[in-house]
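Take a look at these structures.
Same chain, two partners: chain A is paired with chain B first, then with chain C.
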Partner chain A sequence: MSAWEKLAALPREIVLTIVLIAMIVPAIRPFGLPIMVGKMSKDWYNTVDSLPEGSIVLFDIGFGSGGYPTLGPCAVAALHQMFEKHLKIIIMATALEGSMMYPLIMEKVKPEKNYGAVYGKDYVFLGYIAGAQTAMAAVLGDIHTAVKEDYYGTPIDQIPLLKEVKGPESYDLVAYLTTDGGIAEGWVYQAYSRYKLTVVGGFLSMMTPSLKPYYDAGALKGILDGIKGAADMEYMTHHPGDALRATDILSATQTIVLIFIAIGNISYWGARLSKKEGES
Partner chain B sequence: MSEVVRKYIPLLITFIVGVIAVLDFYTTVPAIRGTFTVLKNWGIVVTAFALGVGAVNLFRVHGKRIAERGELWPLSGWLLFMLIVFVVVGLSTGKFDASWQYKWIYNAIMLPLGATMYSSLCFYMAMGAYKVLRIRNIDSLFLFLTAIFVVFGNTPIFPAAFPGFFYTREWIFKTIISGAYRGIRIGVGIGAVVLGIRTILGLERGYLGRA
Partner chain C sequence: MVSTDVGVWIAAFFTIVATSYAFRDNIFFRFAEYTFIGAAAGHAIVMGAKNVVLYGWTHIVGGEPSYWIPIILGILIYTRYHPQYYWIYRYPIAFLVGIGVGISIRGAIHADFVKQIAATAKPLIATTPLGTLNNIIVFVGTITALTHFIFTYEGIHRGAAGWIPRIGRWMMLAAFGGAFGNTIMTRFSMYQGRIIFLLRDWLGIIH
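Now for the complex of A and B:
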């Protein structure tokens, strides 16, 4: 086996160890590399920013433990902005594990301590609502018949914030973060297509290409594109957190991947050309 | 069971529910809106009930595997054991954020495992990029160029240093990828409409199983 061929077939142990090192080093000692805020994140930020104080937002936690490292920071930064703007937030979960994500997120946002928000008046958590698009349609259509009590068992007719919700026209914004393609499209169908509500969505980066046509068509006013979107939001809201720290890891690992792609191609063509020379 | 019960009653229910759903979308008749609201709420209850059915089914499938000492049966045993642990702790100690016990087993087991499962994809992607993204012919050249510019655009440091990478990625997303996906979406949409009409009319009966 020639040197080119050896380089073209590096053992996976070597490749993955180098990728792992590229992950661990910036995690231990962040480089503080610069980032450029993306347009999709800026549009999410501006959409929320343009809402007047007291506007009602329906916020869906559509992810569980698998999506938490990416979408958890998105949710924290997005909620920081909403509480800062004194918006009224109705939080629900279309993901089964959403109820477990809620306290993890709120422990970081701390709405009472940081913004003086009052549970029930400024925000409420409805818990997991089964049924995906059926749940979305029911909550948007008539929340008072779809949900009888909040996550903590308080009847919803005793919650001041929910008394303000008369029908779909009461929602000024629908914001959701999800790892589920069906949920991601579902909000567009149920909130935008059905009621022409303003909708913003956040997804895993690998989902964004398939959902971007909705953004280009104006159905989604803004997108948080995975951990980079979360980092953008943390930067814009001045609440640096896990995502901004993760961008260094992203930069380091993806640079290593690019280097390996280059090695793969150079060695492939080196092996091919040297083989040809040997034959002639 | 008679054919009426197995076949015609489900078809009739599907027809009625389907027609009400369509009318609810296109009309503002209060009676239709009210009826469909009730149906949507039933949908939520039925889906929640299905979760319970799923758990029962899990016990049936894995219980059988354990009893027969089938392939990887210890893992089935572990699955059922953890299912019981989560249910017992959850039911006996209260809501998630009020129960430190449930919170602990979730945050110490489920959260890191879920995050690890997803994060481990990174290694497969790195290895795949090294092995597959090689310019072997003209087709792979196009794939290579697209992938390279998207990776450059997605890596935070490069667009920050050279904004051109960001705009190139945006152009690829907006023009090439969105164009292709728009076609797929329109095709899927038309297919869904046709499937919906066929289901309402009783021509599509796959959901009835063997009926």
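Now for the complex of A and C:
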């Protein structure tokens, strides 16, 4: 085995150990690299910022524990902005584990303590609603028929905030964060195409290339692109959290990945060249 | 300071043993894997039962007998396990497919076809030079990538115009590269959350 081939066959244990070190070091000692806020995140921020006080937002937690490290910080930063603006937020979950993510998010937002928000009046949590697009269509069309009680068992006709919702026209904004491509498209189909509502979406970075055409076409007014979007939101809302800390970690690990891709290509071409030379 | 919370220790243990698979398969990883599957299945069953009660039974006892229809259709799905009457399950499935398609098709046509065609067919000249470049790339990419999928006329791939689908292929490869880069970022961003959890919530090294 030539030196090139040995380089190409670098044991994965070594690669993973280097990647782990590249994650741990910036987590302990952040580099403090500057943040460049992306246009898609800025558009999300500006869309929410332009809403008058008291506007009603339908907010979907469409992710579970797997998506929490990425979309959890997005949700926290987005809700900080919404509560700061004194918007009225109807929170629901289209993901089965979404109900379990809700307390983790609210523990960080602390709407009662930080913004004096009152549950039932300023925000409400409906829990997981099964059915994906069927659930979206039902909630947008007639929430009073679709949902009988909130997550805690309170009948919705006893919740002041939900009395303000008469139909789809009552929603001033639909905001969602999801790890599911079907849910991401579903909100565009149901909220934007059907009811012409303003929609903003956040998803995993790997989903962004396939969903960005909706943003380019104006169906989505803003996008939070994974942890980068979360970091942008934390920066813009002045609520630094896990995402801003993660940017240094990601910069370090992405650099390592780039180096390994370069090493892989150099060793491949080197091995091919030395093989050709050996044959001639 | 290291956490004294048992829950944090359990989460830390499962994070570490789940990561250990990246180095080599081992019995601890399999224990974590089976535990996760069991917990997720248990949660799904409880939530499923809760949904039946919340969106079905509550309505029936509230004096809405029409809700028996979805409940009966739901029960009929299980006939697929019966050797003789398995064909009955096709009716609830047909119902589900029909409802699903009916609900989404209108939005899909508007958002996926009408809006996308309108967004692609915009003027090439934008207000900024970068915008103009973007529009040209979108225009060239759309046309050339579409020609790559013309299979009924061989001449487009082999004739003098063969460079058109070839550009389309390169455009798609560039898109796949972008998607792959985003996938790497997503995976790392998921794992960095666990690293922060281990260092902050478990070991208390960072704040």
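Keep in mind that, in the parts below, the second predicted complex is superposed on the first by the 280 of 280 C-alpha atoms of A that agree within 3 Å, B and C clash if a C-alpha of one lies under 4 Å from a C-alpha of the other, contacts with A are read in each partner's own complex, and residues count from 1 in each chain.
One rule holds for everything that comes next: a residue touches a chain if its C-beta (ideal position, glycine included) is under 8 Å from a C-beta of that chain, and two chains touch if they have at least 3 such contacts.
The shown structure was predicted, so the numbers you read here are calculated from the model rather than taken from an experiment.
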item: Touching partner for A:His238 - first (chain B), second (chain C), both, neither; value: neither
item: Partner chain(s) touched by A:Lys6 [first = chain B, second = chain C, both, neither]; value: neither
item: First, second, both or neither for A:Ala219, with chain B first and chain C second; value: second
item: Which of chain B and chain C A:Leu250 touches, first, second, both or neither; value: both
item: Partner chain in contact with A:Tyr68 - chain B first, chain C second, else both or neither; value: both
item: Partner chain in contact with A:Pro103 - chain B first, chain C second, else both or neither; value: first
item: First, second, both or neither for A:Thr134, with chain B first and chain C second; value: both
item: Touching partner for A:Asn265 - first (chain B), second (chain C), both, neither; value: first
item: First, second, both or neither for A:Gly38, with chain B first and chain C second; value: first
item: Residues of chain A contacting chain B in one complex and chain C in the other; value: 12, 16, 20, 23, 66-70, 96-97, 99-100, 130, 134, 137, 194, 205, 208-210, 213, 216, 228, 250, 253-254, 257
item: Touch list for chain C against partner chain A, complex; value: 22-24, 43-44, 47, 51, 54-55, 58-59, 99-100, 103-104, 106-108, 110-111, 115-116, 118-119, 175, 178-179, 182-186, 188-196, 199, 205-206
item: Residues of chain B that touch chain A when the two form their complex; value: 25, 33, 36-38, 40-41, 43-48, 50-51, 95-97, 103, 106-107, 110-115, 117-119, 122-123, 125-127, 129-131, 133-136, 144, 147-148, 151-152, 154-161, 163, 166, 170, 173-174, 177-178, 181-182, 185
item: Chain A residues within the chain C interface of the complex; value: 12-13, 16, 20, 23-24, 27-28, 66-70, 72, 96-97, 99-100, 128, 130, 133-134, 137, 148-149, 185-186, 188-190, 192-194, 204-206, 208-210, 213-214, 216-219, 226-228, 242, 245-246, 249-250, 253-254, 257
item: Residue ranges of chain A touching chain B (in the complex, touch as defined); value: 10, 12, 15-16, 19-20, 23, 33-36, 38-39, 64-70, 96-97, 99-100, 102-104, 129-132, 134-135, 137-138, 141-142, 145-146, 151-152, 194, 205, 208-210, 212-213, 216, 228, 231, 247, 250-251, 253-258, 260-261, 263-265, 268-269
